[in-house]
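Two complexes are shown next, each including chain A; its partner changes from chain B in the first to chain C in the second.
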Partner chain A sequence: MTKQRTSGVSRRTFLAGGTALTIGAPGLAGAQPAAVKVGLIHPVTGFVAYNGQQSRLGGTMAIEDVNKAGGIKSMGGAKLEALLGDSQSKVEVGVSEVEKMNEQGVAAYIGCFQSPVGIAASQAAAKYGTPFLVDVGASDLLMSRGLKNVFRLKPGFGVCVDDGIASLGALNKAANNVAKTAVIVHESGEFGTGTAKLLASKLPSIGIAAKELIAHDNPTRNFDNIALRIRSLAPDIVMMSNYGNEYMLLARTLYQQKVNVAGFFSILGGGFNYKFVKEMPDVSQYMMDVNHWYNPKSPQAQALKKRVEATGALFTFEVYLTYSNVMLLADALEHAGSADKEKLIAALAASTFKAELMPYGPTKFVNGQNQGGRPATMQSLKGEIEVIAPEEFASAKAVFPKPKL
Partner chain B sequence: MNRPLLFCVLGLAAAIAYPLLVPNYLVTIGMLVFFTAFIGQSWNIAGGFAGQTSFGHVVFFGTGAYTSTILQVTWGWNPWLAWPVAMAAGGAVGWMIALLSFRAGLRGSYFALITLAFAEVFRILANSVPFTKGGLGMLIKADPRPINFQFKDPIWIYYLALLLCIVSLLIAWQLTRSRFGARLVAIRENEDAARALGIDVFAEKVKVLTLSGAMCAAGGTFYAQKYLYIDPGIAFGVDKSVEMLLVSMVGGAGTIFGPLIGSFTLMGINEVTRWLASVVPALKNVQPLSLVVYGIMLILIVARLPDGLMSLFRRKPRHA
Partner chain C sequence: MFDPAFLLAGVLNGLLAGGIYVLVAVGLTLIYGVLHIINFAHGSLLMLAMYAVFYLWRLIGIDPYAALPVVTAGAFGFGYVLYRLLIGRYSHGRDENILLITLGLSIVIDNVALLFFGGDTQTIDVPYAGSFVEVGAAFLPLPKIISFGASLVICAALGLYMAKSDMGKAIRAVARERQGARLVGIDVENVFAVSYGIGIACLGAAACLLMPTYYVTPTSGHAFVLVAFTIVVLGGMGSFAGAAVGGFLIGITESLGGLFLGEQLGQIGISLIFILILLLKPTGLFGSKA
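== the complex of A and B ==
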């Protein structure tokens, strides 16, 4: 009598399978695709260290999220690996980080916060044909050089000024053209000067004359003289375009010196963020800013905001801009199916990435600049930052002119 | 062959072979070492050999960078031709500052402060006048061909920096052997005594600042061609002045090799601490650590070796 088999798997089959698995396992492990190296270059030390650290936070969180979601699927689940670089706010150091990461086999760079560093670093990346995603740099010089490897998801200061002028024009019109003159205070570097010059040339189109452009250095630790000058000029609006610390210090000085104007309206005001609004609610009350901002109606943005705040950090624009750039890169890798630099550049150029966190239109790159990128206009109201334009993303109604101090 | 010459030959051979053996990143770091040594030497010639300490040497650097960039971008000059003009402009600015300052009898800390003031004035001017494009800065079109003073392979810019450094060392060496150099040392040690000996102190000081300014301006053009972008903050920023002064002081002011040793040491410390902060897991999120270590090393060097690292190589006097 022969024994009836009770299982579908015989001892021989089991052993054969087991042996095959034992022999094959290392091979399977070896089949795990190589990680795609992403260079994150930011000024995590130096005078804009806070901004650089925020960018790094956003970038590393995005890489974690991509990896948790299974990596780049078209590349067999390849993980992203962050190469962290500190530009120290210096052009030379930014470029040497590009060189160092190139030796380490970087697939793409994301950086560098400051436009001058970004200009030189992306130029260095162009030598190797490596994609360079500008996450925060606002200068339009970055995108005017015809470099095929440079991409920018966010709008440059040209678009921000245009949108800002339109937004201010609409506010002023609704307030019976209460504002007729403005003083523009800007940092003396490429970003502030470029923005201020554009503003001065475009303000007359909405019936506002720029009385004076006042430049200040980085860093500036006392704004008393500038505040006195503004008071003597008695403008209807004060417009600011500068980095974080100077923005906050100037705002506080104007508040302390009781400079009464119809409104404070900044374009890319580096300090208009939760830190400023929470720490100085009285100073920031009714101040307006045209800047990169997340879409308050996006559930993904709200979820990320909660996560970031749970770490004790603030959800500033650097965080979600760098986060979005990592996601853009991951999307391009997915479409390219490879980390090959040429294929990746082609995928980025043809990208239709949906920037879920941002109040953007459809992504379309023309000469590396996303045409769908646009800023939002915000206002600080009772210790909160509210979006007041574009209308479809607005979370509150603007207060303009502001009540007198 | 005597020992110093042997060291020089071996050092030169190592410097020539270095970029052939290391990756591009380290070639760039090597280039920065020689470039910083070169601009440091330009400071050393005035501040070290002649004792005319300046806090605003960047004024010459920026003049050189802007002169060649304006000639190139606005007037379509070839950068190689613009380079000597930039040096002449730097020399002219040195001559002018020397003339104004020394005629007014400024010495020591007063002279140091006036140079700082000149650098600030130039920075503000560069921010204000239209031909420098103000704060927008000036972008040099990338066209990496040697005829355009741009190189695809970093090895060539490295060799150019090495060449500049060698030229600056030869100038410094010549100063230690020439009558002009001896007069400068006399002025540094005691200006009144030098005058009593018949040295035309004013003329010698003007000459040395002109030479130093021309050298530093050459560094400015080199920088602009390497990074292809300058703005007033980059070209006239005080940090470059500090860098020049620091490498000379740390290495040994008034010595031939001081700026080179200083540049090598400071760049080395900076790179090693940055590397440590990026590879040691516990230090990964402590980025400023590299700067803290850098600062501590600097304090130790200045405190323990006030005459700079070159004093380590000096022969100790024999005791009977």
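== the complex of A and C ==
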């Protein structure tokens, strides 16, 4: 017994210490608070798989960054945990991903790139009162259903059309109103059709009449007839609103078919990116696009661009929009101090999150839509993408009308 | 819009598009004619061939047209081996098993392609992409004219091969009477594999002709297969001549429909033809009763 006592730790002390350790284990033994599960639902397979993969890249990078920076501090350093969902570019699959993640205890969803998928998925999330952050979906229908759980940081196609009309109007005025007619080519889904209808209704306000709206399916094998139809209609400008593959194929066909107009102007042109202008500089030359764009003057955006490009990926809008949405969610969690859905929705609704990567004004959500979001107008010039509006972010002067072929 | 000049341009555009459709449909109809199955992996294998063309251009700088012999031969070899090692071996002589295997293959190939190539759109920007020939109101892109001509030559060569060569005769014999062919000493399993290989070789050639004007993603092959199925049904399942005539008919229908009814409504013409053929002449234009 004497030997045992000389160890310096009495039986009573040992028991007391053990009890203290057991009771205080979460703090003393370094146990982490439960991770906050974030559902990232994107079409990583199917016909818009590339866009979905880009969104997933941005989302997972942001989650990694939040966790590296210590997690959600107001929740004791709780980490974010990504639940990765594939909507397969299909509405019903997007909804089933929502249900599946709900079973797994998701705190909030971010998705879904395509508007129809986002509309159905956010509706499904509303049943459970789970916050749903729309990262890329453009349709304004996403935000006009009165759902309290849905938030969108970026502008919808309504704002993009308004900004695009203002940009085009200014360009046309400076060029002595050279453009008087337009043909609008759009994909036949909610995004393209909604954008085209809005455009057609607003073009007359800048003295341009929409001669015809031409819808096409996804995918479309051949744009020769659309090019022929455009040539027969002889508009002054061609406006486009479609997803990446069709945007690129249409642009190439219009170039090959020598469609000679004063300008090609797209709203949310899915294929207008670095790859397109680098690989097809002749085709893309002078094409203009109103789209989501990062703030070229933001050091954070430039740093992220470098990181993304170092992985071999392109710094497309999907990457920085989903990245920004994860950061918005992290900021809301920080303010809510909890992953409780009601508290989180209240924190999102009152958010003043600073979207460092984007050329946005102060964040203010009205009915879930951020009022500070705005697009930029870009032009492809000599294999580079230049910002031509808004003026404070402009890196080049627009060329309009474009030289004849 | 009913300006005759644009009508002619629409017909020419349809003919050029039809050239590629013919090549894809010929492969499909050959496989059906001999093996009596619909190859559900057709679109996925077309996509693989398009990636082969893309990477030959990207990595070694081989022009898509110059790559035609290599890719066509490679596609034949791939199809032959695929039949020998997988389709023939695991179908156990049952047609429905072949259907399931090709369907499974399609899913596996699409997803493996997505894993290795990513979902990004890949294109080839050839220096002659912007060259064109002006015919009335039509500006016919040079790559599409080349594709059209090459497609006709390949189809004619294939027709000649089927008519004159021993293997061609064996293929026709197996297509007509499998058991009889076996009785006269034809290696039927080999004929199946060669036929499958030739069907896939047609896809290899189509990929080379497509890439200067189209793009490739892991799902891009399927866009051509649905129309190829329609052509095969229209022309008569298993009929070469039917695939050729059907391809051009569908190309022109699609083109004029798109031109005069709008691109979306124009697709109705294809579906309408499909339904009418099934109702009025289920064997197709050149098909014979089984």
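Everything that follows uses one rule, which is that the second predicted complex is superposed on the first by the 375 of 405 C-alpha atoms of A that agree within 3 Å, B and C clash if a C-alpha of one lies under 4 Å from a C-alpha of the other, contacts with A are read in each partner's own complex, and residues count from 1 in each chain.
Please note the rule applied: a contact is a pair of C-beta atoms (placed from the backbone, for glycine too) under 8 Å apart; a residue touches a chain by one contact, two chains touch by 3 or more.
All figures in this text were calculated on a predicted structure; none of them were measured in a lab.
The superposed arrangement places chain B and chain C in clashing positions on chain A. Of the two partner chains placed around the shared chain by superposition, chain C is the only one that A:Y50 touches, whereas chain B remains out of contact.
Applying the stated contact rule after C-alpha superposition, one finds that A:A215 touches each of chain B and chain C.
Look at A:M280: by the touch rule set out above, it reaches chain C but stays clear of chain B.
After overlaying the two complexes on the shared chain, residue contacts for A:S188 are found with chain B and with chain C alike.
When the two structures are aligned on the shared chain, A:L250 is found in touch with neither chain B nor chain C.
When both complexes are overlaid on chain A, the residue A:I237 reaches neither chain B nor chain C.
In the superposed model, A:I119 makes contact with chain B only, not with chain C. In the superposition on chain A, A:K127 makes contact with chain B only, while chain C stays out of contact range. In the superposed pair of complexes, A:D86 makes contact with chain B only, with no contact to chain C.
Only one segment of chain C in 2-10, 38-46, 92-100 or 128-136 runs into chain B in the superposed model, and that segment is 92-100.
On chain A, the surface patch touched by chain B in one complex and by chain C in the other comprises residues 44-45, 49, 53, 188, 215. Interface residues of chain C, counted against chain A in their complex, comprise 1, 3, 6, 9-10, 13, 16-17, 110-111, 114, 118-121, 123, 125, 129-130, 132, 137-139, 141, 144, 213-215, 217-220, 223-224, 227, 254-255, 258-259, 262-264, 266-267.
Contact residues on chain A toward chain B in their complex (touch as defined above): 44-45, 49, 53, 84, 86, 90-92, 95-96, 99-100, 102-103, 116, 119-120, 123, 126-127, 141, 145, 147, 187-190, 192-194, 197, 215, 218. Those residues of chain A that touch chain C in the shared complex are 44-53, 188, 214-217, 219-222, 224-226, 228-229, 231-232, 244-245, 248-249, 252, 255-258, 271, 275, 279-280, 282-283. Of all the residues in chain B, the ones that touch chain A in their complex are 23-25, 27-29, 32, 127, 134-137, 139, 141-142, 144, 152, 154, 227-229, 231-234, 239, 274, 277-278, 284, 287-288, 290-291.
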